[in-house]
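Below are two complexes that have chain A in common, paired first with chain B and then with chain C.
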Partner chain A sequence: MLKVEEMAFSYRRNEYLLNKLNFDITPGGVYGLLGKNGSGKSTLLYLLTGLMFPHIGTITIDGVSAGKRLPQTLQNIYLLPEEFDLPAVSAERYVKNNASFYPLFNREQFDNFLQIFELPQVKDLSQYSMGQKKKFIVSFALATNTPLLFMDEPTNGMDIPSKSQFRKAIALGMSDERSIVISTHQVRDLESMIDRVLVLHDNTILLNESVLKIAEKMEFVHTTSKDDLQGCIYSTFTPQGFVGVRPNLDGIETSVDLEVLFNSIITNPEVVKSLFI
Partner chain B sequence: MIFRDNQSIYLQIAERICDEILENKFPPGERIPSIREYAALVEVNANTVVRSYEWLQQQDIIFNKRGIGYYVSPEGKHRIKALRRERFFSDELPLFFNRLYTLGISVEEIETHYAQYLDEHKNNKTEIYPPENLSV
Partner chain C sequence: MENQIFSFGRFTAYLKKYFSENRSIRLQLIILAGVFGALMSISGGSINFFNLSAAMFIFAIVLASSFSAFFNTKANKIKFMLTPVSQLEKFMAMVVHLYVVVPIMFAVVLFIAQYVAILVTALFTLSMPQFTMPYAGVEINKELLCPYLISYFSATAFYLMGAMIFTRHAFLKTTGLSMLLGFIISMLVAITGTLQLVNLAAMERLQQLPDTDFGVYQNVGYVISVIMIILFLFIGYMRMCEMETNETKK
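Up next, the complex of A and B:
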């Protein structure tokens, strides 16, 4: 569906923020785009949605360059940026003005998402608090049913119950024809929702794998004894004891800890990558 | 739903559904929630629930009516009990025996405690499946 080939981008001369990116986004996955602050997650999302242009290489959506911004492409993608504003109009007016750009927009689903987020009816969207605005736009984004949906740090500014509502909404808004790409540095919020992991580090995509494959190749160890950490690529001390990760030798599946996975990749990229060859 | 760290999430969800079937929340022959509904309920990716349902299907605990949904097998409850008995003997009992051995507890001692336990719980309404009803 979306293809990135040999892509590079820089804000400054001779200093590539993103370099030699090669990856695909295929339908039917919730992609977690993980990376440190300033690693270029947001920039990558702007490039994928055609808001900015690669300096080298290509980004295509269904074979058409994203940067061309053709209506046939734009009606199939939705980007929810980290910061946004809603106009001072009614919800009804907002839907009327915006939904027509998205042929698969589903009003019934939209109302259902608003209900999940427990959003009160208002005369004017500017009466919503920041968190409520975010819930409103997330509901709209999910209801567009675009095959590609990008969300930049969607849980920022959400309180604890909203994060649970957000997970429910994502579960209901997903389908086999659609992929949702969520950039985040708070992996805990979305751990159970993500089924594909994209790690952006050292100016490139270091990992693009399904959680299934990761569980097959890597064993996550939770233990109270340091001795159980033998062979670990990465381990750390937590209030509950130790947690580490090592190559999965006996084939038993453990649940993938995204935080540990991420840390193991940025401390030991070559070793982790070699597990997936 | 709070997930444990040491078992894959899809199996934990399957176990939860098994508990719900045993509690008659989903009686035999009744439809269980769709994959997407259940994913939203426990807040996980739908693909995870797909795996849970596949596993339950393989174990003949649920079955799929094409295009309609998933239903609890008439034998669902028995299958769950049979599976759990199997697991008890293969996984839990050896650990228990190890405990008995290392702590020097005799089987007679256990028998006394078990008789006491049964006595205390005789008014409990939990269904007891006699072993002869179980086919593994």
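Up next, the complex of A and C:
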């Protein structure tokens, strides 16, 4: 569906923010795009949606360059940016104005998402608070049913109950024909819903693996005794005790701790990468 | 498969969205009707061609510059660029706004303003309102109409191009650019004219020149203006197609 080949991008001459990226996004999965602040997550999303053009390489959606911004491509993608603005129109008018551009838009689903987020009815969308606006736009984005949905820091500005509503909405909005790419540095918000992890670090994708494969190859340790951390490629102390990760030699699968995984990758990239060869 | 460059259905859907989300049009209509109504009341129920064309001209170039608002923040730019219609349709919506909606808007405004002026005059003179034919108080100078339309279309095309190039302070920057270009062109004209005079060498030869047909010069001017309109629109369109999100830091 979406193919990135040998893609490179830089803001400054000869200083690549993203270099030689190669990966595919195939239908049916929630992708977690993880990376430090300034690692290029938002830039990558803009490149994938054709809002910016790669300096080297190609990005194609169903074989068509994303940068062409053809209607056929645009109606198959939806980007929810970190910052956005809603027009001063009613919710009904907003749907009437925008839904017709997305052939798979489902009104029933949209109403259902609004209910999940417990959004009150207002005359004008500008009356919503920032968090409510985010919930509204998330509901619309999910109801478009575009095969590719990109979300940039979607849980920013959401309170604790809203985050669980968000997870519920994502689960309901997911289908086998659709991929959702969520860029975030708040890994805890997404832990239970990610199917595949993309880690962006040092100008490249360091890891692009499914959560199942990660659980198969890596063992996540939560312990109160430091002695249990033997063989860990990364470990740290938390108020609850010690957490660490090591190669999974026993074949017993543990639940993936995204924060530990991310830290292990950026501290020992070569060791982690070698586990997946 | 639907045409990827232009589809009438998609374009009309986009126009509906465009004008529905652009609420300022209604406000502009009311303000303009009020201003023209006041102007007509003061000048005895009529408005001259100069005032009318100047108002429409200024309104249109300010409006054309305001299209830079689609790109002045990252959020606006993303919303605009990712709306699933072709780039041509997005650009055409702006052109339709300038070249179709604004003239219609002025026609509506003048229609309302005339009756506002009649009612206001009647109110202040404490007499019965003297209703006349619609647009009876609107002066149209037929000789100047064609040059005015040409200058209207070329100036708005220039300011539309400016809005696509300068995403901030588009009006000021485009005005600056037009002054700079105007200066360069007038310098070129002056230099060419001087060189021509030098080449002709003697005033006697100048006197032998046949009578100048200004109609031909006027037509050449129109053709050049039409070419310039197309060029400005083309540059604006190409610039819009090549726009990227990272150009806006905010």
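Criterion: the second predicted complex is superposed on the first by the 277 of 277 C-alpha atoms of A that agree within 3 Å, B and C clash if a C-alpha of one lies under 4 Å from a C-alpha of the other, contacts with A are read in each partner's own complex, and residues count from 1 in each chain.
Operating definition for what follows: a contact is a pair of C-beta atoms (placed from the backbone, for glycine too) under 8 Å apart; a residue touches a chain by one contact, two chains touch by 3 or more.
For clarity, every value in this text was computed on a predicted model and none was experimentally measured.
**Student:** Let's test your reading of the overlay: on chain A, do chain B and chain C clash or fit side by side?
**Tutor:** In the arrangement built by aligning on chain A, the partners chain C and chain B fit side by side.
**Student:** Go through the superposed model and pick first if A:20 touches only chain B, second if only chain C, both, or neither.
**Tutor:** neither
**Student:** Is A:75 touching anything from chain B or chain C once the two structures are fitted on A? First, second, both or neither.
**Tutor:** After superposing on A, A:75 lies in contact with chain C but is clear of chain B.
**Student:** Considering only touches as defined above, state whether A:213 meets chain B (first), chain C (second), both or neither.
**Tutor:** After superposition on chain A, A:213 lies in contact with neither partner.
**Student:** Using the superposition on chain A described above, determine whether A:3 touches chain B (first), chain C (second), both, or neither.
**Tutor:** Neither partner.
**Student:** Which holds for A:201: it touches chain B only (first), chain C only (second), both, or neither?
**Tutor:** neither
**Student:** Quick one: name whichever of chain B and chain C touches more residues of chain A.
**Tutor:** Counting residues of chain A touched by each partner, the higher count goes to C.
**Student:** Just chain B (first), just chain C (second), both, or neither: which does A:185 touch?
**Tutor:** A:185 sits against neither chain B nor chain C.
**Student:** For A:52, decide between first (touching chain B), second (touching chain C), both and neither.
**Tutor:** second
**Student:** Using the touch definition from the top, say if A:88 reaches chain B (first), chain C (second), both or neither.
**Tutor:** In the superposition, A:88 touches chain C alone.
**Student:** Least CA distance chain B-chain C after superposition, rounded to whole Å?
**Tutor:** 28
**Student:** Can you pull the chain A residues that chain B and chain C both touch?
**Tutor:** Looking at chain A, the two contact sets are disjoint.
**Student:** List the residues on chain C that touch chain A in their complex, please.
**Tutor:** 1-2, 4, 7, 10, 13-14, 16-17, 20-21, 23, 73-79, 81-87, 241, 244-246
**Student:** Name, in rising order, each residue of chain A that touches chain C in their complex.
**Tutor:** Going by the criterion above, the answer is residues 11, 43, 46, 49-53, 69-72, 74-75, 77-79, 81, 83-85, 87-89, 93, 96-98, 100-102.
**Student:** Quick check: in the complex, which residue numbers of chain B touch chain A?
**Tutor:** 3-9, 36, 39-48
**Student:** Show which residues of chain A lie in contact with chain B when the two form their complex.
**Tutor:** Result: residues 28-30, 164, 167-169, 171-172, 174, 192-195, 215, 220, 222, 243, 253-255, 257 of chain A touch chain B.
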